[in-house]
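Structures for review follow.
Consider the two complexes below, in which chain A is the common component and chain B and chain C are the respective partners.
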Partner chain A sequence: MATTYEAIATVTVGSGGAANIEFTSIPQTYTDLSVMLSLRTNRNTDSDFVEVTVNSNSSNYTYRYVRGSGSATESYTETLAFWEIHRANAATSTANTFGNINLYIPNYAGSTNKSAYYDGVNENNATTAYAYLGALLWSNTSAITSIKFEPGAGTTFNQYSTATLYGIKNS
Partner chain B sequence: MPTKLIVDCSTGETTEVELTAEEIAQREADAAAFAEAKAAEEAEAQAKAQAKAAAEAKLAALGLTAEEIAALGK
Partner chain C sequence: MPATYEPIATTTLGSAAATVSFTSISGSFTDLILITNSATGVNDIDVYVQVNSDTGTNYSWTRITGNGTAAASSRSSNSGLGFRIGNMSGSNVGQNNCIVQFQNYSNTTTYKTILARGNNPSLLVEAYVGLWRSTSAITSMDIKTQSGTFSTGSTFTLYGIKAA
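And now, the complex of A and B:
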């Protein structure tokens, strides 16, 4: 059976933290991309948002998500200068835990607008612990060659946060 | 000094680059603005939920059943 799911690159944040993580020179030889994120930021609350920009572009990002917050189900739609995905853990979440997000981008090397989706959970041993499903659109026909992740309201990702970029082939 | 991590997928090399003073100032300003916007968004959602709960309580006090109140929202 052919290998269809390959780790392209992985990174772990060191002791000083990192203001952002960027994958560059992404090979154009796969069908889809997936990024597995395990993140915690220095925002002074129980969770943080994560901003995603591709190709250093800051326009035409739209997203809609649904979430369970531990006390309600809610949905939001927004258009911003980046995709917002959810959620990283933050300074007051349960110690030594990280939020987990899987971002999936089909047809990233194609010449049509880029739809994507993500699922994510904020790991927190408390009433408020978010779970998300989100649909994303980047209205741009360029092939994706770089992806950058930044904390939404914090200023750095904490040590031991990780990001792994996978390439998926159809055969 | 804060750093950013750049992973070159063509070589597999990760480079840790120090942020410039301008990048740090921009990052802090962006984070503050984003936090403020999100706080306002979440406060608005919470206010809406509280207003809905208050309205439902008033309707219940007027004698509507839970099913009748739920039917109003459909």
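And now, the complex of A and C:
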């Protein structure tokens, strides 16, 4: 039987950091996409959000999340020029800690609007940390051919940050 | 290497339907994953999954949810509607998605549990834990709307995961 869950590409940030992580020329032969992220940025605080754009497009992105911080729960929504997903660890968080996010995009090659979701955590055994559940919508019917991740407030992803893009086939 | 994540069945609706069914589900996997990408054309419609055609009051669920302004949690016991797994709005079939994990679905000793994420970016983000109080192996499932129908073009895919 053909492999259903395949690694398409992976990026590990080298010394000096990286301003972004981008997957381009994404094959249109899968049904869904999943991106596993392990991220830390140089923002001068304990965590950072991550901006996501697809196809170099900068409009019609909505995100809606519910989160827990260890002491409170909150929910928020916004429509922006990118998806916000959460959260990367940042400069003042415990050394060697990275935030983890799983982004899942069903039917990415279809001709309908693209909804997606993410799970994100950034534990650090010190200051406030978060667990996020997020729903995403890109109100655009184009097939997704590229995905770009950028630090929200920092300027670079730190060395050893990783991102792996997987494709999932339904047949 | 043996495949551990395999497609079992997929359905793309050629016309609107109130129920989508997967039947004769093989018991040869360890867990099941259901992924939906759907719309209904009406705002705020819940999505349920009944298994083995069981309409008895044998389902319960607990959820955490966020509507964009507040977080909340709620639960339901002794429900006959099935596992609640998410919510839909809008008429574009790409607008909403659900992912459901059925753990150890084919054993005949324990009650069955699920974890689900319901993603309606226009209205709600939800996470569910569900329980079906039956020791029967899950061999079929009916995915249903609270009311109305799933829109034409909605997709439903069932995957199986093997532990070994």
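Going forward, the second predicted complex is superposed on the first by the 168 of 171 C-alpha atoms of A that agree within 3 Å, B and C clash if a C-alpha of one lies under 4 Å from a C-alpha of the other, contacts with A are read in each partner's own complex, and residues count from 1 in each chain.
Keep this in mind: contacts are C-beta pairs under 8 Å (C-beta built on N, C-alpha and C of every residue); 3 or more make two chains touch, one makes a residue touch a chain.
Model, not experiment: these values are computed from the prediction.
By the document's definition of touching, of the two partners only chain C reaches A:63; chain B does not.
In the superposed pair of complexes, A:55 makes contact with neither chain B nor chain C. By the touch criterion stated above, A:74 is placed in contact with chain B and with chain C alike.
Contacts of A:97 after superposition: neither chain B nor chain C is touched.
Once the two complexes are laid over each other on the shared chain, residue contacts for A:19 go to chain B alone; chain C is not touched.
By the document's definition of touching, of the two partners only chain C reaches A:110; chain B does not. When the two complexes are overlaid on their common chain A, residue A:142 makes contact with neither chain B nor chain C. When the two structures are aligned on the shared chain, A:169 is found in touch with chain C, with no touch to chain B. Greater residue coverage of chain A by touch, when chain B is weighed against chain C, goes to C. In the superposition on chain A, chain A positions 74, 76 are in contact with chain B in one complex as well as with chain C in the other.
Residues 8-9, 11, 13-14, 16-27, 43, 49, 51, 72, 74, 76, 150-156, 165 of chain A are the ones that touch chain B when the two sit in their complex.
Chain contact summary for the complex, chain A toward chain C: residues 1-5, 31-32, 62-68, 73-77, 104, 106-107, 110, 112-117, 119, 133-137, 141, 168-171.
If you check the complex, the residues on chain C that touch chain A are 3-7, 10, 35, 37, 64-71, 92-97, 99, 117, 119-127, 153, 155, 157, 159.
Across the complex, chain B meets chain A through its residues 2-12, 14, 16, 19, 23-24, 27-28, 31-32, 34-35, 38, 41, 45, 49.
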